[in-house]
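My questions will all concern the structure given below.
Think of it as A, B, C, D and E in the order they're written, each chain with its own count starting at 1.
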Amino acid sequence: MSTSTTTPEQDPELHTPLGGVPLTAGQLPRGAAPGMLVASAVAGLLLWLLAGWAIVPCALLAAAAYVVIVYTWSRAVEGPRKATDRLVTAIVSGAFLLALLPLISVLFTVVSKGLERFDAEFFTYSMVGVTGEGGGIYHAMMGTLIITGLAALISVPIGMLTAIYLVEYGRGKLAKAITFFVDVMTGIPSIVAGLFAYALFVMIFGPGVRMGIAGAVALSVLMIPTVVRSTEEMLKLVPNELREASYALGVPRWRTIVKVVLPTALAGIATGVTLAIARVIGETAPLLVTAGLTDGDNFDPFDGRMTTLSVYSYYEYVSPGLFAEASFDRAWGAALVLIIIVMVLNLIARIISKLFAPKTR
Amino acid sequence: MASTTEAPPRKDRAPQRPGDRIFAGISTGSGVLILLALAGVAVFLVTEAWPSLTAPAEDIPGGEGLALYIWPLLFGTLISAVLALVIAVPLAVAIALFITHYAPRSIAKALGYVIDLLAAVPSIIFGLWGINVLAPVTVDPTTWLSEHLGWIPFFAGPASSTGRTMLVAIIVLAVMVLPIITAVVREAFTQTPKLHEEAALAIGSTRWEMIRMAALPFARSSIIGASMLGLGRALGETMAVAMVLSASGGVSFNLISSENPPTIAANIALQFPESSGIAINTLIASGLVLFAITLVVNMIARAVINRRKDFSGAN
Amino acid sequence: GSANEEGASGGLTINGAGASSQEAAQSAWRTGFLKNNDGTINYDPVGSGGGREQFTSGGVDFAGSDAYLDDKEVKAAQERCGEGGFVEVPAYVSPVALITNIEGVDSIKLKPETIAKIFNQKITKWNDPEIAATNKGVDLPDTTIVPVNRADESGTTENFVEYLEAAAPEQWPHEVSGNWPVEGGEAAQGTSGVVQAVKNGSGTIGYADASQAGDLTTVEVGVGDEFVKYSPEAAAAVLDVSERAKGRGEHSFAYDLARDTKESGTYPIVLVSYVLSCTNYDNADKAAMVKDYFNYMISAEGQKAAAEQAGSAPISDELRSKIQPAVEAIGSSNSGS
Amino acid sequence: MAKRIEVKDLDIYYDKFLAVQGVSMTIQPRSVTALIGPSGCGKSTFLRTLNRMHELVPNARVEGSIVMDDDDLYAPSVDPVNVRRQIGMVFQRANPFPTMSIYDNVAAGLKLNNRRLKKSEMDDLVERSLKSANLWEEVKDRLQKPGSGLSGGQQQRLCIARAVAVQPEVLLMDEPCSALDPISTQAIEDLMLELKANYTIVIVTHNMQQAARVSDTTGFFNLQGVGKPGELVEIDETTKIFSTPSQKATEDYISGRFG
Amino acid sequence: MAKRIEVKDLDIYYDKFLAVQGVSMTIQPRSVTALIGPSGCGKSTFLRTLNRMHELVPNARVEGSIVMDDDDLYAPSVDPVNVRRQIGMVFQRANPFPTMSIYDNVAAGLKLNNRRLKKSEMDDLVERSLKSANLWEEVKDRLQKPGSGLSGGQQQRLCIARAVAVQPEVLLMDEPCSALDPISTQAIEDLMLELKANYTIVIVTHNMQQAARVSDTTGFFNLQGVGKPGELVEIDETTKIFSTPSQKATEDYISGRFG
């Protein structure tokens, strides 16, 4: 054989197994971890109920106790690697629970206060001629849908195409500049975006201009960077292997992007787009200076003032007059509707991405 | 029989079919459009800010000149955004991990949805929640902190009696950016190739080691990207901070007193409506500074990402 | 939406913008006015500064402002409105209440000097002898005083600070502006923010539109030798003892309020908010509508509506008769056509 | 129909790293050309330059010329997409589209290019392609399942079916049979012999017997040493290479017959 | 040291699809067991159940028992991490970590188990692992480059080096040489023969000659037909299988000698 030169040299050390721990040795007893969890939770509860401590330190203490005990016990019995694994598991799950706290708290607040005004009038009437109690959000609901819809119509294509440019075409200075400035764009304060859009429309239509589309433009300035960034990240995760497979079939680049790359990244892109919408749908300041505020229905984004839910909610809250209760109820109700709208959008995005997503996992 | 000569010989270097050229054209166009829009914003900012840049110091609100006016704002902006990110990023990564790698498969999707709900909450609601729910809750703990850990500059105290502190603003900001970061990172984690996860597990990694070996490096660029997105949001967040923060002080690391530096965006929202003349120019100038800050921060982040470009997970 | 009447489509639209303090009152006026008139009225509560800016640049037909126009703005307004100049009348008067949240205390009297010292953070305990001196028989606790001020620039702050400067110049050395001049208090956004902060804190004291005071304890303010609790009548009375600012055109009724009045039965901490319009509009119908609307705003009926909705203090008949001619001056040079 | 490919003085770079140097050869139409050589010598790299896939790697470059019939593939006026339409490729690592069903994977070449066929024609084409890759029997009941749920060998055959379905004029195959069992290997070899009546076929293989069985011409690539670029040592009729190679290196490599 | 693995009545499912049915066999310690069979018959699937990789596929299940020495691998008290730590695996499709350098790819497993390894020791082990996978010469100058910039065969060898570096007691290899040239194949085969002195080795291969050369025992998997589950038809000493198999199916498969 002529291959003797490349034959690996003798290597006794490598060629003996390291020998590991027995498969069953070093295991915490079954149910040890959940048991400990329950025990710490109970201890925390006792501290809270019996010793009369505040709930937060009790919970923290219980969590810390659980983590420490499980970690040290596991370290002693199962070794450091397994212990670290358990530690991370505890931390990760804890982080999730921790994140649920504000969520539950916020939702509870909004739902409990917002449900007050979930009646037919609320959804079918505007605020024309309403003082004190009553009144509805129909005009604001439609305004929100129209303005946010327009903003999405502007920013989703622009944002996605830009992301495509950055990932698929972009080389050189232009791409660098765009990447960079898109990042910068994420930091524009919303009011500045509003003032910018206002200034732009004043140049075209003269002073005092208020129209839905101006609001949509302002929102687009805020939305685009989120769309670009999240889409870009998702496109970058698509394996090059797939692009090559497609190119090798003689598929032009743009078709590869449209038919292979985008569908693969679709779930992520849909999430990104809903995030972007959620980001802007609750804006107030930029909309007030561009789209204004009105009591009545106006569904023409190219003429006259339009109210959106967030602006509506904000001003019901900050200048309630003497009938504060009624006003606050309307404010919270509008906020709840806003959340529901985003939820529905999110759901739609998920359905879309489910329909087109890779069928692998 | 199609032949390569079908396309007439052209002089340009990279011949492309019409579809490609159109597509490349419009996608480049969109990018350029963004640049133009941004240039527009920049021009707008500069022209509007200009009078305050050239105005004598005593005309600027506060009477001590532009730099001294903006400096506390800048400080407040940075400290709130950075600390919010310090809280949010690890939490977001942990949550994304929990959803993708720890939670039982059957409920993982639902959990993701639950977190996305947080993203659906508009700023003013976070503001209201911050004032009504979160701030009162923090009063006792911060009092305790100022009494026992007062030697740490962050907790110097005296604790605010209403809880409308920088700490609360930071927490609110963290909660606001959390779902954004989580969503992007979560998608990255779900995209981690099975092949690489299996490779890691097959050499005897625990779940966490597998995550460190395969999932985290793969999602690295996404984590940074998502954090940048979150940072932008935190830097630019207006209403929630304006509502929550008791901004009545100057530069201070003290997070739990009622004397806090305002943030640039919130300050604009607070002062803009009733301002006129040079005061407005000054506010816009502070917006310009925010713009510049975002620029610098992102420059740094980009540099970090590009350093390990070759090691991209897409290969 | 079908239930809504014609709205935008029926008749004329006039647009206004300005002070957010007027928003509730504007809503009441709008509603009341449109009961008997056609058309649409919009009011964007973008803030006084924005309102004045948009008014002088011709962006809106009328504006609301917590402060009267300064000299530069007067010129701009005259330029915009042309020949006849502009109309500037006080239409919204609102008492500013001092609200407190002190455990076990449900009535408290404070002299202007004491108020100034409290907000200047010279007096820091509720049981300070100076406070005790005017509150015999009240069990004042030994808690720290937490003064709450507006974080945003506002007419309320400006009026309150003006009051402090006029009524207690020794104790209040700060310059007057819409920005709170003292560092270190608790700052909160908007009236509702201040109310919220006062409510949530302990030992707090703040200033806010009286309509939002709710069930918080309000301070009786020392005027001369007596202590006055805020009331609409007491607040509106201030305008009657105040001087009209000079040299601003015949239709401008800007008042420098007599904050230091000793007049019995006046409540000196008030926010006076103006409405602005031109005397001349190209469009005769618009002119008529603006005029009618302004007339309604200052009418007894309009003032009553605002009082019921927004908790403002109706202006006195005496004042109304003074400013009526200014409103009557609104018209159109094209009225013939 | 089938094309002759003329390669002249080809240098292939990854950024600054010269991976393959000075390759000149003629690939005959209506024949099978096999490329053999040790791992890492640049066979895949060379193969990928033939249909301009190489330039997709960032900073990768090619110097020299590749002429197909009379067209320089790297001429500025040539659209790489057209090149790839005519020169199909099967990759070393199977890469079915995870977003697509098995059926769509095979139809991908047509569908992605928006060439519309009648449903029945398409079905027919898919079936024929899968049959020629010897996969039909195994997947006919689950054509709508994702392609990633297949075994390694099945994925490889799926990729072959996908490449065959677009009927290119030249077919490049990078170790098409490496993941296949003898039966499938036989089927693919049969396919190659069938196709060569009309197509030009280039395969990379580590399997000398396979090269000997199916190819008409064999090229041997080698490295001078570590870090040196790969070179085409010898190319000749297969029978000649496997009986009386003119180079010592070739003989050494061949004589260690494995596989 | 090396472990014996006892498989009994193993049924392997992908969700509802029964992929492999009723496998019983004994894998001897200190020997090489080869698994052969047509594509799609479940060799990889079976191999992946041996170190509990199979359960990573969503909804995948296993019924039956696998006992290593005296421990049931699927007992509830057994930690799959420990199983995989002792039973290493090389996958059919090379899967180096794209985010790591070549060095780190090999060191990845080492770092897990002996944290306190000195830099020099680590270097040493990496070098020796790469050498035994016959890759050292080719990559020693670019250890810090990403693993994805290697040729197909190099990637495969990198994965072998990575698996060997952690020194497991059992080594499962799914077609480890399919992407390799004869020289590297020889090197890997040598490695297997060396390792078997201390390790238990199971390989899947399509190459009968390779099975004949390196294995002591050979198992033949087959399918009854399309859609039917794969089965272990016969397992016996390699010499016996390749000379006088007891089953007709085995003989048919073997006799169509290819490869």
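To be clear about the criterion, a contact is a pair of C-beta atoms (placed from the backbone, for glycine too) under 8 Å apart; a residue touches a chain by one contact, two chains touch by 3 or more.
Listed by chain with UniProt protein names: A = Phosphate transport system permease protein PstA; B = Phosphate transport system permease protein; D, E = Phosphate ABC transporter ATP-binding protein PstB.
Model, not experiment: these values are computed from the prediction.
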Chains adjacent to chain D and to chain E under the stated definition are A, B
Strictly by count of touching C-beta pairs, the top pair is A-B
Taking mean C-alpha coords per chain and comparing to the overall C-alpha mean, nearest is chain A
Whole-angstrom distance, CA centroid of chain A to CA centroid of chain B, is 12
Rounded to the nearest Å, the gap separating the Cα centres of chain B and chain E is 46
Taking each chain's centre as the mean of its CA atoms, chain A sits from chain E at a distance in Å of 43
Each of the following residues of chain E touches two or more other chains, namely 58, 81-82, 85-86, 93, 112-113, 137, 149, 166, 168, 182-183, 186
In chain C, the residues touching two or more other chains are 20, 46, 50, 190
Listed in rising order, chain A residues that touch 2 or more other chains are 1, 3, 20, 81-82, 85, 240, 252-253, 255, 317, 361
All chain pairs satisfying the touch rule are A-B, A-C, A-D, A-E, B-C, B-D, B-E, D-E
In their shared complex, chain D is touched by residues of chain E numbered 14, 36-40, 42, 44-45, 92-94, 137-138, 140-141, 149-154, 157, 174-175, 178-186, 206-209, 226-227, 253, 256-259
The residues of chain A that touch chain D in their complex are 1-3, 240-253, 255-256, 259-260, 263-264, 356-360
Contacts from chain A onto chain E in the complex sit at residues 1, 3, 6-11, 13-24, 26-27, 30, 80-82, 85, 361
As the complex stands, chain B meets chain E at residues 105, 193-207, 209, 213-214, 217-218, 220, 308, 310-315
Within their complex, chain B touches chain D through residues 1-17, 20
